[in-house]
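Chain naming follows the written order as A, B, C and D, and within any one chain the residues start at number 1.
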Amino acid sequence: MTDCKPEELLIASIADMLTGLRHVAVGNSSPIPGAAALLTRARSKGELRVSLLGSRKHTAFTDGGKELFDCAAEGRIDAFFLGGGQIDGEANINLVGIGDYPQTKVRFPGSFGSAYLYFLIPRVILFREEHTDRVLVPKVDFISAPGTSPANVYRPGGPHALVTGRCIFDFDKAAKRFTLRSVHPGHTVQEIRENTGFDFDEPAKVPETPTPDAGTLALIRGRIGEEIAETYPAFAARVFAAA
Amino acid sequence: MTDCKPEELLIASIADMLTGLRHVAVGNSSPIPGAAALLTRARSKGELRVSLLGSRKHTAFTDGGKELFDCAAEGRIDAFFLGGGQIDGEANINLVGIGDYPQTKVRFPGSFGSAYLYFLIPRVILFREEHTDRVLVPKVDFISAPGTSPANVYRPGGPHALVTGRCIFDFDKAAKRFTLRSVHPGHTVQEIRENTGFDFDEPAKVPETPTPDAGTLALIRGRIGEEIAETYPAFAARVFAAA
Amino acid sequence: MAFTSHDIEQIAARIPDGAKIALPPDYSGCAMAVIRALIRRGAKNLHIVGVPSVGLQGDMLIGAGCVATLETAAVTMGELGIAPRFINAAKQGSIKLLDGTCPAIHAGLQAAEKGIPYMPLRGLLGSDLLEHREDWKRGENPFGEDDPLVLIPAIKPDVALFHVAKADRKGNAWIGVRRELMLMAHAAKQTFITAEEIVDEDLLADEIVAAGTIPGLYVTAVAEAKQGAWPVGLGGRYAPDAAHIAHYYEQARSDDGFQRYLADHVHAPKAAE
Amino acid sequence: MAFTSHDIEQIAARIPDGAKIALPPDYSGCAMAVIRALIRRGAKNLHIVGVPSVGLQGDMLIGAGCVATLETAAVTMGELGIAPRFINAAKQGSIKLLDGTCPAIHAGLQAAEKGIPYMPLRGLLGSDLLEHREDWKRGENPFGEDDPLVLIPAIKPDVALFHVAKADRKGNAWIGVRRELMLMAHAAKQTFITAEEIVDEDLLADEIVAAGTIPGLYVTAVAEAKQGAWPVGLGGRYAPDAAHIAHYYEQARSDDGFQRYLADHVHAPKAAE
């Protein structure tokens, strides 16, 4: 328990959300979601297909940059990950900047495919390690992609959960609100309230995020560490080197 | 002169219409237009590009069936060839059938890409060896592709000429009428009138279609015969074997 | 998503009656062995989509009574002439014809590939094709003025079926420059492939081979079929069997002749497979 | 149409001020040597289209004052962080931003490739991107009911510019699975390519190589440029020069530092070529 690193907890927690799916895609610069998808694949006995963008070995696209988006639109991708410079309580995400657009005070890289994939992939997991009221805000300054849409908008996809360095939230699309699902070991509900800029629901008793069992940890540190190292060598060296 | 075969005359006549162009595409089952394009290419010193559908060697498409059409829409194809089970005096073409659609009395293979390429390729040469009032009719029974379009329709392309086994017509888009340009050696204007179902204009004196000079004939029978044989071996054997 | 390995008859069994089935032209890669198996199993009410035209496959399925609807830019037997069973059915009015044009079929499949309801297209205005296609609509260019367009609805086949030179054990299939086969696989709900050979190596492992390969992600099942495109041939591998096709053409010009052809070459035990 | 062979500076000279220029992301194949030559020749008022995002190329051109408009789904320096000269320009408001999203850029280029004025797209509704993109329109699905869509106008670049592993003397260029480069070449009016090597054999002659090759038909000119993608690297050939990129990142965080970088690595005689 105590020797489970924060990254390993996140990998195992996210992996559990992917069980039973057929195809999970992971964007660039996403080592923890990538490792999570590879972990689920390893446990699925070949049932889960993983497309890891930026990997030569663990991606199978042959139709250029558009294929990920077409593939999502065809309904062939079950889960994906999005982050955000800001995320608000209605699951709107901002990858553009803080302040008035276009001359924002703080500028982020840009929206990438979020304004599309958030609509089309059934299980989008929001992932951001930094859990502060700077990131988790009442209302984003710029909506790169909205968390919910009116009933007439074609939207088979949307937010499934928000995973941070402190906790996991579920998202209720009808209520447009997050509910605290579990708090990571070493963190408290009060701390999460203080560091979250938006209001959220919580159950009467908030469970602790379960830590991975010994078998899972061994798998993460062994095969998954090796597989993810192809795409994220620095991450793998930092997290798994001393394991 | 007398030893110039009808096919050779047609090849040379069509080739002259392609001089100065950058890229000519030729559809399937078109040995005479194909040979004409190859002849113009041979004389162009590499300036003309030819895409011969059905040829492995003389086509350069690598993006599947849609590429010919996309390429035309991008304005990258200067000339193309279309035929027709029926062709009328307004240059409408029918590749579908004779009689009331869909249960036509006579059925042709279908419209292929004509309803598109006729609009987008600047110089479409209508080619049909059979010159009878069965083929050249007052009004086609089914318009696969219209000869002209209203001014508001996007149409950089359209009919340039009609080449048959008896003569060559030019087409006037404004007047929506064919004009006899020249009559092939051995044929007469009166014979053409009798065998053409539509009315057309003619100059005071109708020239004879010029026959290819000795150099052109040698080129056709030599290099062009060899090049076209890759795609149309039966045609090449029939026309060039005894040359 | 889970790719499986099958034999020819199993593939034919998994293509249900009434399916909208996308088929390539004779020069692109035809799973002829499965076409014969479909006739053997008595498939009914198929909606054929020729991508963009169809040849022997279409004529045989029409003649055998497997087809309710034919959506294609053309039916052609190449230099032999017009497909005889198709002509017969067109004259009899025994199948529903959705006459189209090549770029509209490609555009409809691309719309399905992109998950959009339609694709706008140039051309077509003033063609009687447009008059008879109740599923096509006229539209206006919202970025122009008085600029009419035709809107082609997405074509989403239930099944794409074709033959390739090579597939591997993960369902990856090498198609080279025949990208219309990739478009078919992207657009269709299920894709069944026959291959001259199924190889042990991963076709995506080599960067040069990968460029011409459909990932197994899009492939429902693959069956090995040596000479699987016979008699129409497979580009780069073997030529059409011109004598056999001419024999078919002659036979298929009469009802009796066509039935004899089926008896000799389709129903006969393991005729060609 | 006539393809020509050039050197780096000639290509830079043929990309005019004010051109709409399509550039790939750092991982796809960047003609960095031409980017430096464009800065050397003092290119002005470029309209960059990131396909679908842009990295070091965009940051350098922006920092050097070559850019008037930036149309992209993102500007990223990968794990280093956000491109410093881009951030500076965004905060200063010194360039016009057309923030987009990857699939809309691909769709716009596909519309140009198909010669259609626009492509309908899912998603986007409710995004502030749509609020700020005056060139995008809302539309309705004419085949549905109360089904809103976004209409993305065609993106027709004046120039596509990228780097490949191999080209031949006819202008055919091998890109493997990097099909976005083919889309760029199809959509653009002119395409300039640099290649690690220019080979004598015809890349279209071999059926396996041809599958990953852009035909010379679409290529305006090719220049040989060994290590032409340095410092961002070329997939399958050489890795990014991480130390140099980190050096750039540090230098580019200040105006002075960026000018020193240009002096050392761009204006210095034959710095990297």
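One rule holds in what follows: a residue touches a chain if its C-beta (ideal position, glycine included) is under 8 Å from a C-beta of that chain, and two chains touch if they have at least 3 such contacts.
Heads up on the chains, UniProt names are A, B, C, D = CoA synthetase.
What you see is a predicted model, and the numbers here were worked out from it, not measured in a lab.
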| item | value |
| --- | --- |
| Contacts common to subunit B (CoA synthetase) and subunit C (CoA synthetase) (chain labels) | D |
| Pair exhibiting more inter-chain C-beta contacts, A-D or A-C | A-D |
| Where subunit A (CoA synthetase) and subunit B (CoA synthetase) are represented by their mean Cα positions, the distance between them in whole Å | 59 |
| Approximate Å spacing (C-alpha centroids) for the pair subunit A (CoA synthetase), subunit D (CoA synthetase) | 29 |
| Where subunit C (CoA synthetase) and subunit D (CoA synthetase) are represented by their mean Cα positions, the distance between them in whole Å | 37 |
| Subunit A (CoA synthetase) and subunit C (CoA synthetase): spacing of chain centres that average the CA atoms, whole Å | 40 |
| Where subunit A (CoA synthetase) touches two or more other chains, by residue | 61-63, 69, 73, 120 |
| Sites on subunit C (CoA synthetase) at which at least two other chains make contact | 107, 110, 114-116, 121-122, 147, 177, 182, 210-211, 236 |
| Interchain contacts, given as pairs of chains that touch | A-C, A-D, B-C, B-D, C-D |
| Subunit D (CoA synthetase) residues within the subunit B (CoA synthetase) interface of the complex | 1-2, 112-116, 172, 182, 186-187, 204, 210-211, 213-218 |
| Subunit A (CoA synthetase)-facing residues of subunit D (CoA synthetase), complex | 27-28, 51-53, 72-76, 78-79, 82-83, 86-87, 90-93, 96-97, 99-104, 106-107, 110, 121-129, 132, 146-148, 177-183, 235-236 |
| Complex contact set, residues of subunit A (CoA synthetase) against subunit D (CoA synthetase) | 28-29, 54, 56, 61-69, 73, 95-97, 101-105, 107-120, 142-146, 149-150, 152-154, 234 |
| In the complex with subunit D (CoA synthetase), residue positions of subunit B (CoA synthetase) that touch it | 22-23, 47, 49, 51, 60-63, 69-76, 120 |
| Residues of subunit D (CoA synthetase) that touch subunit C (CoA synthetase) when the two form their complex | 107, 110, 114-122, 137, 139, 141-144, 147, 149, 151, 153, 175-177, 207-212, 236 |
